[in-house]
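A, B, C, D, E and F label the chains in the order they appear, each numbered from 1.
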């Protein structure tokens, strides 16, 4: 199929026409067979049953897709002219099945979809949904690449390494802890960027230290500068594993830039900083899976958080494309 | 055809899953050839360039479709058990092409779609968009049935019979005037229900009187009761032509029930009244075309106006189905 | 001046053009001398320092004026064709001076304006602002007509007859109590319509009973019907004094119809009921002063409360006009 | 304790002062021992993990309590002067423990609280939370009174009798089905009022019919009048059991009156109708448990839904008080 | 001229009093004759018929004027003490006539007003309205100064140089392309600042390059710093023509700072950066016309976008005043 | 007392459970006797009668407390691990009594509470409410420490040193002027940070200069950098008095970060800058009183302003704790 795919649209109509559009107008491919030759498969995970505070991230995937306002086929980055869709075959793989009020079943459904994406050799780019989705993602990555075959770069306000949240083990506040304890992830291969606030408490940080996690707080970013911090984070991860799962909780942004999220925390990154950082990370590391999570439309204003998330996803693709482009160039 | 059609959905997932859904989950049919055997074709008209006050009805068709929260195939009316989708083949025919900033071109595009729907023997059910869309609709109806071959039942706050609005001829305030003056419509076959406010002025009512229009104000409804007024309206129209174009401006509802519209006017119908009235009208008259217009999502709250519009469209279908069901029964 | 007066507007432009408009496009007359020959003077009272709960009614007068969407000169009631501006000379007399954080000074300013309106023989139609404005209004009316020269018809959820509110004497919860105790008003000439909720308490109702107030609750309206209640209210007041101050707290409407107010109470009138009731009251009684108060735009949605208030003010004028018209007819 | 109980408040301050207030300022009693002599215990159930569409009802209990704007001790119904707090000892029993992302555990916690309330001889008045809370409520009622010892009066848009929702058994769409199938409830003792829309489907209604449920649709209410319908419903239930569980889903109101709910459906009751109906039901039947559920603040506007819910809870208490008052009078 | 000019205001009242105010309280002058001696004439352009995505900029001019909260006469910049109204005679020239649904007619009306402003030797400062208004502005500037007599400094996310948008030639996405092709503008005299996102596509940038446009992306600003970029932009333009048209699309701001616009794009300037940049540009270049466009109030939150736009307009005036002040100083 | 104190909560429930919580879950202590041994007493001042523009700050204290989303006892700063509640005994002292519509009485009530806090040797941390609360604060501080015994560090957009506002002396625009003129404050001991906009006018700045005030505008911060400016401000104040009143008007933040305030001004600090600045100020100076004012929830979006204010208050405590911790360390 050729470029833009919005449903129920005729002719050359603007983005608000039609029943709805795929991610950035990419071809919709639901069947596993259709994944052959695909480089990146966008997958929605419209559940939020793991949320402890403001729910609503179940509406995230559709809002992120709807934030695309373009009618043309490409998405060339203005600064570089690089169009990820000219470099990669990116398709929209639809949403995983969800079972409201049964988080574990939704996790299973997502895991199934991710398995078939990875089996096809494609990179899944997941649109959340709450951050508990990292747990099935990590499980599937460890199945495919081995626990030590991948590293994690994690942009977030919160470490999400609690042992439990209000007595609940599977939650959006625990995926990286559970994944380590279940043997899906080695903490020494994980780096977190943007932490701030007062959660989790000292015990959890002690556990993280012992588990080998590295993290960079907003205080450190403020003091040393974002790019110095990225230097360290990228160097650490590059040495830890041949490929990287890049997970972005939209609440790493300051609430001014991303009000539509479940657990905002003032004092975060600007979209300008984050977009640049993600293009850099994705161009300097080999991304094997990525996601943008915790977009919560009921608390959004003027759609700016969903819009930021869509652009963030494009930035990850643009970074990946520039890596591919330069490596192709290098090969020549 | 297997019932629900939402895009990018897997398994038995709730309404918020996937990229977006067709009207009430009906099959999407974009090509004219696919219209064979179709009874009703839902068509979106996502333009609002004819709006004089609050714009935004361009986002109406998608919001109306998204208001559907069901995952099952049927939409049986709870009171009667009658499911219009068991009686009729209803499909979603997508949106007409739109050209932002060029209203006449959008009108042409809509007219083209309507022509092919009527040619296939199906009833178009248009989701607006601003009320200027009645102008191409009336033109196409007169082409197909002759000026005297159809009547109009028009629920609205405003008569929309101004000669011009701020000097502009083609606007959402003028379609029924222009249609008469262009020979598409005979005012003696039109009845308006729900008028209130102070617009248009006495000259326009004088013109309407001379052109043969009938109208029933909210004052009359308040005094005589809605069903007495409907008795008169239905009787008038039933005698005027063999078929009826039913056009519903959502602002006929009180702003409490439909805040998301461009030119609200306090003192209107409740949704309970309107829903019952439309089921009645559609069951007692032969509908050849229908629409629900002026849903303006940027001014909506909690999506209640779009929801009302979706239910209104279902009520029209339910009324039509009960007419068909009883006429089938009668024939037996 | 000829009809519409909006500032900074050129040509035949819609309501959103220009710097802002007067009430229903009436001529702006700020000086007392300009009041000669004026029948009704609209006056804004943009203060809310008397509010005990949600503040914001200070933005009411401008929002009410801005709710007018028309560009033409007249405002003919659609049901009757009667245009109050063809019957009366109605002007916009601007806002009284206000002193934020000094309620008594704002009251003095309003009283000054009302005195000069009454001195010119005109009827003031005040746009609030919080209901404490009834206190200066009652004072000025008693100065002009004597305590026993006028009656009060009061549409409201709340009796506003508390002896004090949180220890404060001059407040939006006390004007009718203070006015009686200061000798501006005789409770036997006051009737209240629409009361509901649980405020004020039994002591205040005991005081009201002793002071001679009459009131009709929503329960009574629900049981007997609105028009029966109006029969009684109008008959009582008609016998009590030759002229009537009609004061309408927009919270007499159900919150569905008027969310934008400071102390909403579920279970109120619909706009359809209230608009008809006010046209009736104003056509059957001789109005010497009127107001619409407690429109609180920061809590409004889609502007529907301000819109309702503007239409309510027009309904009062329409009722007055129909009284004048029929009395003129009678004289002939 | 003497009347109003808000925390962190000094002196005679308005409702917005302090840290927060109990339901209608009632005494807070958390321990089971404190329930001695209590007639009604208000209990919050701040979870929404059973929600299939718009989540957010977890914020309902606090919003309902915060909707109380009064500073005085009593809540005398204005129409009758009857103050439920003068008749009954009503206390606020706080919220049950909740475990986000673990609905069954939250259900257990609620059941524990309800057991101790019933054991103390008090009537629980639960503030929801999603409607799945009826499942633990029905279980506990059957434990205490036997399956046949109580009946149900259920105001709702939706029957909530699905066998499962998107494959999930414990959900806000299934409690009355599961309760029958688990033996907590006999459908022949349940009556539903206000049903409308297109959910659930014919199979579920067939099941309901066979299980003995009765229901009254909005269509029936529109046709026969609300009070005729209540006559039938009350008569049926009065003959079925000596006591009644009254459960009110706020979505029985039209979305105009209750936009802040998870699954709104146009065409419902007005608050005026519902408030009167509940006072009647609670005065004519012996209430042994009651709740108001599905208030979803993130979708509310100007707080009108939470306000309606608080008033609804007061109306239930007022109805119960008038029953008690007249039975006391009768005894004398 | 006595300072503040708000209509319907008495005494020393705050900004919310009265019917509405002119831009920063300046004198309203509608007639061309009144322009004698005027330095800057503020003109509203309340149309948005050229919008392809979110409409509503028609409400921009009034919202921008209403954002002024001051009651005093001057607007001295706090940093420098410089008051543009002490340096320049600035008046509010009202809005141009607008014809909803007829963009070209509105363009003609705006062109007429601009011609008479320029003829009077004044600088027009236009408040939009959608960015299509640059087309009549460029036409009128070329009439007055010749195509080569002026340059353009353009702050925007989007280049607005598409050949057409959805098949439409006159649109908010095309003014600078059409102006070049119609001979009103020489691309070699235009510089754009703040571009980002993925629109327009490579072909349009190729055309721009050939037409001589220069542009500075947000990526460049991030890398080199805003002031270095301004050095280059100012130097280029200063050498290109003796005077400059400064056009500011408010979407050059990040959506966090300007959510109320039609086509937001994350990653933009902060208000702090933009305000300083505009003061600098206007003080270092000779401004012959300026505008602030694309303020879309229906999507604004808490009025912050309109407020930013008003301050931006004041910053342009402050920059111009400091240029005048220093050149006067120089002359002495 | 054991950590978290929320009312009506059972077990380990999330922040949305229960009736409401104290500031950061601190123990509620209303009586003066309970202040013994307390280091910091949080006091709410829920009045806004001193507001000249957008009212609503009366709802600030509750919203700030409700912004706390944690369930655990401590609030360790993530960067440093320092938990102010481990260093200090911080309690919530509830709200002062407020008298709506009587600002001076509310001021007296606040003064009484502050006197008893200071008498107990505790530091008051006031949550506003409008900025007029600085007047009673300054009066009480001068009573306790003498006019020359304390200095002021004031973060704000506005100098709040007007002689009167619209003729009113006691207002949120005048506290620092009135305090100097009444002898509570010596201007030479006050420094203001973040000023911008065009208010107040040159006369007020002249007065400030003569009174000895220092101030740092946003222009200066932009030019020199925030930390250089803080160097100067801290040095000046450190030399002026042994202790400091730190007052933070939330409008010093850019409206993007704090839309929910009464008089926003574009071009302010980010939360990241302000949070760091306050931690620094509070760790380098001896704080004897502090407040965060002008949080106006009716204009907030997604609660981000209240959230910012709560974090700001925690930052002040964290700064104070780090000072105490290092001085304890020093002593050892």
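Note that in this section contacts are C-beta pairs under 8 Å (C-beta built on N, C-alpha and C of every residue); 3 or more make two chains touch, one makes a residue touch a chain.
If you want to know which protein each chain is, UniProt gives these names: A, B, C, D, E, F = Agmatinase.
All of these numbers come straight from a predicted model, not from anything done at the bench.
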Original post:
Going by the contact rule set out at the top, which chains touch both subunit A (Agmatinase) and subunit E (Agmatinase)?
Top reply: B, F
**OP:** Spell out the chains that contact subunit B (Agmatinase) while also contacting subunit D (Agmatinase).
**Re:** A, C
**OP:** Farthest from subunit D (Agmatinase) by Cα centre, which chain is it? Let me know.
**Re:** E
**OP:** Going by residue numbers, if over half of the contact pairs line up, that's a repeat, so tell me which of A-B, B-E or B-D repeats A-E.
**Re:** B-D
Subject >> Computed distance of Cα centres, subunit E (Agmatinase) from subunit D (Agmatinase), in Å >> reply: 56
Subject >> Gap in Å, rounded to a whole number, between the CA centres of subunit E (Agmatinase) and subunit C (Agmatinase) >> reply: 42
Original post:
Residues of subunit A (Agmatinase) touching 2+ other chains?
Top reply: 12-14, 16, 52, 58, 98, 100, 166-167, 254, 256-257, 270, 299, 301
Original post:
Is the way these chains touch best called a line, a ring, a star, complete, or other?
Top reply: other
**OP:** Determine which chains touch and list them pairwise.
**Re:** A-B, A-D, A-E, A-F, B-C, B-D, B-E, C-D, C-E, C-F, D-F, E-F
Original post:
For subunit A (Agmatinase), which residues count as touching subunit F (Agmatinase) in their complex?
Top reply: 52-53, 166-167, 195-199, 201-202, 205, 217-220, 222, 254-257, 259-260, 263-268, 270, 299-301
**OP:** Using the touch rule from the top, collect the residues of subunit E (Agmatinase) that touch subunit F (Agmatinase) in their complex.
**Re:** 12-16, 69-72, 74-81, 254, 256-257, 270-272, 275-276, 301-304, 307-308, 311, 314
**OP:** Flag every residue of subunit E (Agmatinase) that touches subunit B (Agmatinase) in the complex, lowest number first.
**Re:** 48-52, 54-56, 58, 98-103, 105, 132, 165-168, 170-171, 298-299
Original post:
Which of the residues in subunit A (Agmatinase) end up touching subunit B (Agmatinase) in this complex?
Top reply: 7-14, 16-22, 28, 30, 44, 46, 58-59, 62, 65-66, 92-98, 100, 109, 113
